[in-house]
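Working notes, structure below.
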């Protein structure tokens, strides 16, 4: 069967990327696209790269417009999806690409987002190792999916195998990310202007205040950590897309390098979209641009006593829209890889 | 008086930057420029941005050509400066921008560079805190200066104040750097091609093998560390110049945040070229492009138990050529800031 | 049926892009990939973004290795494809992505390339208007296809409709192109280094010496020009892919603006991959990155007496590999659009 | 003597660049900086690269604040400088970096800008050839200077020598420019966001509507043109600064190539900041980043019947702030080159 689909927030970067992926998906048909300030315009006037959708016009984002579809993707600003989602039928598959339904802990929510916790939906990173099985198992049985934060899922995929296998310590994790500005969305802020971004590397949310920190910790708890701590610093660099996450963790004393590598190999054996590169190889973000692929490279630095995991992800695909479509595939019982590119667009 | 100057390696990036700075230096006159494959060409044919030097022609790099100058800057490939330097008179001020004379430890040298250790010259980062005084004191009395590795000096300046003040632990330091490809020089390697660099973040020398690691450790020992360990990962990002180093260190238990900040404030009080930004502010590399300025931002992440220091440096200026000129100023008894830009070229 | 495919030059940019496109093509199966210096390595070691091909190893480029396939793509340096092609059976479909078989005129060849003209194959730009029909008609009946030069086809598609409709003059055409460095291939040349490309715009082949000029003129002659003249200047800008061609032509006196627009509308009506944007809209290269789409915008500048056509093309897709696959589809009688993306990867 | 200086619009890109240049100017002392929304903040909080100005605080932009200085630079949005300027004393040297006082023709003004023409001030491009002498002559006798539009002055410098020497035709000029987004100022517009700018080339104001067209025509009339016509297309490319202008003009029939080159050589002989490169050499924008230098390359394309002039300029320096300071030097009788960098910051 063909599932009818509505995409809200279709004028933004995440919404646009969902549409790009769905254009090649044989089981989904996008019938409705909605936006806020651009409602009334042809989709292609706002997203001129989406040539397959010249027939669609942006509508207002209301429950009425979104209702009546089998699948609804929400790519709305933080705080906007709760009310919309509440008005949709229970049997509609709803995937929220915003942060509203990612955190289980009300305390975490209150600390990093403030009021109005809406509760957690099933987290949309299928490959995440959990104490038992993977996150995939839960996605198979849900109609409410929270697509991940792009930075959070990249770091969680980087570190969770080591946590689950008991080869790295959960304390004192350190992640530094080179990220493209599309992760910040189409926001009109001075520090996101092209003239500011070009030729510069610019850190933000330094010192433990980034909202993806509790999301990472939550994923690591699922893998067996008790109270993981992480120093997390994103740095905006001049590439439109991409996350290159360098994550390091202290080796559990006495662990040998082979056991470390085996932890990641075992966690992602057979995974189509999360791949560990051979010893001595490390990914760059160009390898995964446009693809739903997360590439990992791993080294053990004996002198520093740390394992270093490099992860390359396209923030808009595996980090957001690809994770959403992959999770939707699972929830609907489709082949998980349907419609999802595995090759990057490089150079 | 005016000092006569020769610059070898004048066709490369470091050599070009030395020339750019010297063009505005009232006490230096560049009389001779040398190169290897480009010898015989007008300098401006190879370095078309150096319009002030239309009168100079590149000569061969030989001791004969370099002799007879008051000051000689060597910007040669690793391994090439030892022989040249040995043939220069003792009273000539020689500044080596290569790695050959940076490391005091023959063991470190053998491990990271291999054979033929040439011994260490005075390290050219004046502001580096040492157990007693700063590195500046040594530079005032030397005729042989080793300009720093750009990544090494950036990380050393980031962490040394905390080591000297005893507020951070010397073990388990972690630094991740976003760096521009000019740091790799004008090398014809496939991964340095524009099509590869653009739109991508690419790590290299992952897992404890980068040659700047012993150089960082050496500087930290000068600040009081015994056997510092550091996980160090550079990531090439698409900006021609610049280093954005994110360095983190465990807080010494019981240290309060104010004492941490004070350690860096004290270390760099009054320094013209190394400046700590106010609480809550962090630098970006665009702030320092073209300038001999290192900007630092500092945060204490209580939950992670780590201090985070962000440093922005132009790898070719404060990281190399500016450090060389600044050190030469000191060695010659000139005003330290002469000829050195403090403002960045932004945006 | 499934056609067996060999791709030579698989370690380069054009070869890599052919492989990326073929991975999503239902009728082609890539069995053999060849290279020169990288022969013996896994394809994915050289092209790490092509995750779908982890099973392939690069072989030597010889007629023996390439023989026995239904379709052979040649992505070799200029001058290398003639000999290889001559050794392949006549009924093998051979698509040459190099320049060797593009020009019909031996005089043009001698002037721009030198000796050893190999004769012309069917030119692989299906939408090109000819005095009668389009280039598509010829592609349906060939087993030898010359994929176009990326700059040449972009300019030809921009100007040919006006020539055929008689609304622009064939003399005194002017085209200036902003192009990404991937168009120059994976060549180890100093001016293609990332540090040189970043933050700079750099013209080359200025003043009528670029090899794509006779190729443009040839295409315009097919559209009805007699002896077209064009001032053609490419400028390398810091984007890995893409061509933004600004082409202008004198209006034939007395032509009204509506007739001008109609010439382009008529030429590309119904074309899936060459689209004229509505009045007042102009494309940017990000709209077509990764896509086989050429987007055109058109304005009539009455005061200057010129029509201005802006064209955005991905040099590696519609400019090379996409044109090759599209032409192969036609030659084999497949649906022309099979396996070819129409949506760009943006932002 | 030292001239006291006020800079309005100090929080923008043009204002920031004026301040960067003045920091190295021995005869000027910046006493006052003003802004609009950022008034009350330390200058360095908004312009963190201007480390030499940590002592200055942004004030409101009012005639009262600006009065009492010897020199006032206005770097305000279009339309804002007329009223401010009218309130300043006649003997204050006022340099307007906005467009308000650039055009002599009220008709041109009305057509491209609309109402409220404020009349023309002395145009601040000293090297522009005029029928008699250069623009420099007029600058020596003025207290009101209109700094040029960056694109306009780049094209005018490219073509005016050929007009004055009578070697190119004034009709049917064509200029296409690759420009960095800083030329658009710090405007919060979606198409100027980093994610949009990166990896893309984006034309704007296509088809004869750009406001710099009448400014170019005015400069060409000064060089002897009667009614020059020009097709002018700017393309935003991913570099923060820089203009690479490709300008072509029809050769006057019978003109030989040597006479063409001589026209430009003669026009700029001895000019410190406008330099014609030798035959066969062409500039790139990196050669002039941060410098007040305009580099030109010239080729005669016999087959196309056109001369091609490539010009590289830093839009913020020679295109705006450097032109302003250079013109101010002339107006005050200072050495024209004082405080102005001639070397670019490259790579």
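A few notes on this one:
Letters A, B, C and D name the chains as they come in the text, with residue numbers starting at 1 for each one.
Everything below uses one rule, namely that a contact is a pair of C-beta atoms (placed from the backbone, for glycine too) under 8 Å apart; a residue touches a chain by one contact, two chains touch by 3 or more.
Which protein is which chain? UniProt says A, B, C, D = N-acetyl-gamma-glutamyl-phosphate reductase.
Quantities reported herein were computed from a predicted structural model and do not represent experimental measurements.
Chain pair with the larger contact count among B-D and C-D is C-D, by C-beta pairs in contact. When the contact pairs of B-C are matched by residue number across A-D, A-C or A-B, over half of them reappear in A-D.
Computed centre separation for the pair subunit C/subunit D is 37 angstrom, with centres defined by C-alpha atoms.
For subunit D, residues that reach two or more other chains under the stated contact definition are 13, 182, 195-196, 198-199, 238-241, 284, 286, 289, 346-347. Against subunit D, in their complex, subunit B makes its touches with residues 13, 16, 20, 23-24, 45, 47-52, 182, 198-199, 240-241, 275, 277, 281, 283-284, 286-291, 293, 295, 341-347. Of all the residues in subunit B, the ones that touch subunit C in their complex are 13, 180-182, 184, 186-190, 192-199, 236, 238-241. Every residue of subunit D that touches subunit C in the complex is listed here, in rising order: 171-172, 174, 176, 178, 195-196, 198-204, 206-208, 229-233, 235, 237-242, 244, 246, 248, 250, 282, 284-286, 289, 297, 299-306, 308, 310, 312, 346-347.
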